[in-house]
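One chain, subunit A, links the two complexes that follow: it is found with subunit B in the first and with subunit C in the second.
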Partner chain A sequence: MKRSVGIVLTSVLALAGCSSGGDDAASGDTATSACAPSTGQVELTFTSWIPGIEEVVKVWNDKNPNIQVKVQTGPNGNGGTYQNFFNQLKAGNAPDLGQIEYDTLPSFRVQDGLANLAACDIVTGAKDKFVDWTWNQVTFGRQDSVYGIPQDAGPMALFYRADLFKQNNIAVPTTWAEYATAAEKVKAAGGYITNFSQSDVNQFAGLAWQAGGRWFGNDGSQWTVDFSDAKTTQVADYWQDLIGRKLVSTVPPWTTEWDNAYNTGQAWTWVSAVWGANSIATGAPTTKGKWAVAPMPQWNAGDKSAGNWGGSSTAIFKSSKHPYEAAQFALWLNTSDEALTLLNQKANLYPATKAGATLPALTTGVDFYGGQKIYEVFAEASAQVSPDFVWGPLMTKTYADTADGFKAAVSGQGTLAEALKTAQSSTVQAMKSQAIPVKE
Partner chain B sequence: MTVTEIAATSTAAEVRRAPRRRTAHRGAIAFFVVPFGVLFALFFVLPVGYAVVQSLYVMERADMFSPAREVFGGLTQYGYVFSDGPFWRSVGRVLLFGVVQVPVMLGLALLTALLLDSGLVKAGRFFRLAFFMPYAVPGVVAAIMWGFLYSPNLSPFTALTKSVDLLSADVVLWAMANVVTWVYVGYNMIIIYSYLLSIPTEIYEAARLDGAGPVRIAWSIKIPLVMPALVLTTVFSIIGTLQLLAEPQVFRSFSSAVSSTYTPNLTVYSTSSIPNFNLAAAFSVVLALATFALSFGFLKLTQRKGLR
Partner chain C sequence: MRSRESLFGRTAAMLVMGVFAFYILLPVWWLVVAATKDRAQFTGTNPLWFADFAFVDNIRELLTYRDGVFLRWMGNSIAYTGGAALCGTLLAAMCGYALSKYRFPGRETLFNIVLGGVLVPATALALPLFLIFSYIGATNTFWAVFLPSIVNPFGVYLAQIYAGASVPDELLEAARIDGAGEVRTFFTVSSRLMFPGLVTIFLFHFVAVWNSFLLPLIMLGDERLFPVTLGLYTWNTQVNQLPELRGLVLVGSLLSIAPLIVAFLLLQRFWRNGLGTGAIK
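Take a look at the complex of A and B:
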């Protein structure tokens, strides 16, 4: 594997230079950025919030004296890094590369902040390495565009307290109906089956994604926005019912109070993405060995579908003077065995590559989960994620408005379904005020 | 006699030297004013001007993914501002906050300043510093700390926080008012206290001879005389209230009751992170004008009443 990457890189070095421009009159792009190698030593800047990313980058720097990457870390995307990126783009001092989650790529695309890597043969040549749906997320399903290198995926599954379920003789739910029944039993046993994270709208989107909800669409000329299709409404009503019956707690997520709910055994399950394995291990250290992972509950018994929550790409900003070298680094970071293994060890990242699933690190048991080979569950889930979920162009706004409505709903004002309707109309309004074509 | 003579000579000398001295002054004036002027222009006039210009532009796109162009849009963004329900609700919220919190805070500041000034308190220097300490704590840190104290399950005062949810929709505004008060009482106290120190002690002596006790002196002499300090601190507080950002921003993650548009400044912040810089600029300009109108209006009101 390592050798093959080397071969790809060298052969591409020879090929580079011939690639530039591109015919994309259809997309209305004025120009596709060229992808020619620079001469001499190149220094790249890269902003990311992956724990331990510095050490991964150091491995690259040691091997590539001519392409030195300076890594800057910051808060997670919606926690401030995206805002920084937008400000930097406006001010003209954006880094060369940045970590951007799939859901926010369209926002940067709409602000015209990203380099189109379709001109880089090394990038288009790597297409088949990636899991199909992740590649779709960075190309927006188009032939003539690649706006980032897929990094990791966030296939979702059910984390549950194996010990508590066993002690209380509760079967691990395989459908959402069973999950609701289990919730009653857990409540009777003095806990909550889970915490409804009112401000994690991207988690809710993952739940809707699994059910078959589709929030955005675009036909190349305009966007469609629909947060209240039948499938999404079904999910919203389901959770509204659990909230109404007080079968779930509603502690604000990512707070100490929330960690405490998991650490003290008050919350028994978490429907989360693969990287959540890391969140539980760091947030609830005293529960080591007591957790296990099962596939996400299904809407119909026997179905096999999973949602996705998060997952990032490594994007190259349009202002970068060295897109070719940046693409080289991004490909190494997201396809090489050594980088993927390190990223998994440091941050439990689950690679977006097809080959990633067979890495030794991803096929062994994990101590925190009682030695269970948890990544096998996620590998299965990854294959069940529907490839056609599209993110909107103003997700920051969509998330903020939906979270405002969800927060009100858990405080007893309105419902989740109503919150989604309100967020839909404010998203459409925000798109119109920025002249983004949208179908009403 | 000689004194007048000397005075006369020196005046004459001054008159003679006057033109030269004026030139010397010009250099000195420039020396002292230019640094301020440059900084003022760079960090005040320019950004404000830039925000105003930004607020007059709108986005235009040829189609879905073509780069956006900024074109002059007149008052379009202001149209959005004035039809934005959550924004005006947030303005109402901070006004309510200010009407309650500012008098409470300044009342406490005045009370502590009077106590320190009365000489009744032992170890006045210690208390002066102790009251002022919270102001040295950065606002964000103060908000996080209080957030923990309010937390239903982790607070050291769970007996209270379990029965009354201090982070719920009905209470959280006042929970934040408490944080702001905690931070700023000492700061305002110092301003009022230093004003009290500048009052000539002869006035107190006269009052005491007339038979006034400490309470009477405080009420009839000290409070009227520190009115200018109270006016000043009120203006600062009005500005601070309308611009509340750190506390609601921190509380947003703790509390379900704090939305992304809870205060006007939080609305500006959320709008700029969409990113919609033009609309955010329009919000900022409206907020700045409202702040200016309120503080200036308050000053005018107090001047008319002869408080200054």
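Take a look at the complex of A and C:
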């Protein structure tokens, strides 16, 4: 045991030594030689917080006696597992594979913790199986890098109370302008059109993503940071207006108070991701059969674009001694019908593959939504998510700073747009202090 | 006049205590009420009063969820906590006794180091411990949580005080004259005199380890080794994904404080005794 740890430690140091010189090209080369099949029995470790992942992995283990995967689990990424990954990378005992959300992949990339799979033929060959934008989330839009296998996606749409809209003769909004008009009517009818979440900054990012906002960019050597481009500002001003006119409620999300607002019909819509279907069904059980799903409202009538909220990848850590086998497993986990079906059943994951949208469970009507085939709306939305949205390397900090500003804005101090500007400068500051190259 | 004043003072004191008791007990009351509700009524009904009583169903669901992994976590917690508190109390008693009763060079320094240890929060030690256990390849094992949990500088400090207060030097002299070895004297004479104090140490230690969270979070990846605190926290972070877990977290939280209450009720009478012993001296 002692000895094997020593070996891993040295190999990590060796790898770190190799890649410290030239950044991208050099690590591409290391990956080439690294992605070769191992001989004999291989044991992999995989850390994930997906509920019920053990049962999915068991299916793989039963079929692949030579590649046995051991599951480790823990709280969700930001709840502690990411910090554990960083600790383990430092100590040299990181697992072979780990679940990492799209918005956190760049953090691991800048710490040089991930294996570049661009040289694995099986990985690059699988590119076309995935919805384009999900693939871009793991390649950061570059040809020479693949830092994970897309797992699930959170295309966004509009959940709305079909019964209430009908009773009050309010048309289901198809544009954001109509949404604001509907908000006035809903207010007149005694409700709120939705709740503006002060702490779900990644939901707001999804809204900005749809509008065409681009918060980060990376040209290979430098980052650009811009939370106040015209499109993002448009979204911020729009919601600021609804908050100012008290047309939306602002209770903290994911609380019983918030559930209650939906359960009692105070909140009429929620612009949320595909996994939100389950949040409503369990958070607002008395509203069964009254909800429906429509595409996200558009900024220009007739446009077809959607945002994304959430989704994760299966990444392979640089310290893994069996990247080829790990990639085999990750591809099975995220593309095979049997694994995707199980992941959907156990944890409501919405697959990142094109074929995943046609799983039986995702093409049938859902009782809670009055029998509507809601996943067809999300499948359409997933295809409309723009592929060039890039996450920054310090999203935890970015989220926290933005949420602080949003909370203040909601209680009347400052505006959402100002909060974004402040978060931008503190993010840039933090990047500089960690020696991450950033263009002013 | 005097008596009215004291009546006023007493009422004020009662009022302050009442307010604080209310403040502390309210969340517990909420937890008890919430644990008895089914999922549909949890959000929709008065949070501080009962709806339909589904407590038994909730417990059954908790105990059978994922093959009863919750019971496993409770068992782990009891093993980590009971074991660590027993070993830790014994070690603390021996250390404190030695520091109090024996004269040897470096005694003061040693005691001051232990006192310094009281000031170092366990949180600050978790990462260094992780790196050490990584080095010897023992992370993600029972020992990774158990061994660090045994250490309890505050216990040593308490034991030193209790030994000084409850074990007379004359008695030790008598034992030595009668020919008892030091170890025998400690176990048959001194530890009995210190017993109420040891119960206090045990209880403090028990509570600390039961509630310890960061160390297992950093050390463990195998769900079957989790203590109940980490297990429930893990579920709680998955609530957005599987909202039905929220109910299980609530019932689980209620059940997870039960052993603490039992330990307190059983050992309370020794404890009061022990605090008194220290106070009179």
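Of note:
Assume the second predicted complex is superposed on the first by the 408 of 440 C-alpha atoms of A that agree within 3 Å, B and C clash if a C-alpha of one lies under 4 Å from a C-alpha of the other, contacts with A are read in each partner's own complex, and residues count from 1 in each chain.
Here, contacts are C-beta pairs under 8 Å (C-beta built on N, C-alpha and C of every residue); 3 or more make two chains touch, one makes a residue touch a chain.
All values reported here derive from a predicted model rather than from experimental measurement.
In the superposition on chain A, A:Gln413 contacts subunit B only, with no contact to subunit C. Of the two partner chains placed by superposition, only subunit B is touched by A:Ala435; subunit C is not. Touch criterion met: A:Ala403 reaches subunit B, while subunit C stays clear of it. Within the superposed three-chain model, A:Thr250 lies in touch with subunit B and out of touch with subunit C [touch as defined at top].
Contact with neither subunit B nor subunit C is seen for A:Gly371 once the two complexes are overlaid on the shared chain. In the superposition on chain A, A:Gln72 makes contact with subunit C only, not with subunit B. Looking at the shared chain after the overlay, A:Thr282 reaches subunit C, while subunit B stays out of its contact range.
By the touch criterion stated above, A:Leu394 is placed in contact with subunit B alone, subunit C being left untouched.
By the touch criterion defined above, A:Ala91 reaches subunit C but does not reach subunit B. Common to the subunit B-facing and subunit C-facing surfaces of subunit A are residues 83, 87, 90, 254, 256, 260. Looking at the complex, you find that subunit A touches subunit B at residues 27-30, 82-83, 86-87, 90, 109-112, 198-199, 218, 220-223, 250, 252, 254-257, 260-261, 394, 396-397, 400-401, 403-404, 407-408, 410-411, 413, 430, 433-437. Interface residues of subunit B, counted against subunit A in their complex, comprise 58-68, 80, 148, 151-154, 168-169, 253-261, 270, 272-277, 279. Every residue of subunit A that touches subunit C in the complex is listed here, in rising order: 1-2, 4-5, 45, 47, 49-52, 54, 72-76, 79-80, 83-84, 87-88, 90-93, 95, 254, 256, 259-260, 263-264, 275, 278-279, 281-286, 347-348.
Partner subunit A is touched in their complex by these residues of subunit C: 39-40, 42-44, 47, 66, 127, 130-131, 134-140, 217-218, 220-223, 230, 233-234, 236-245.
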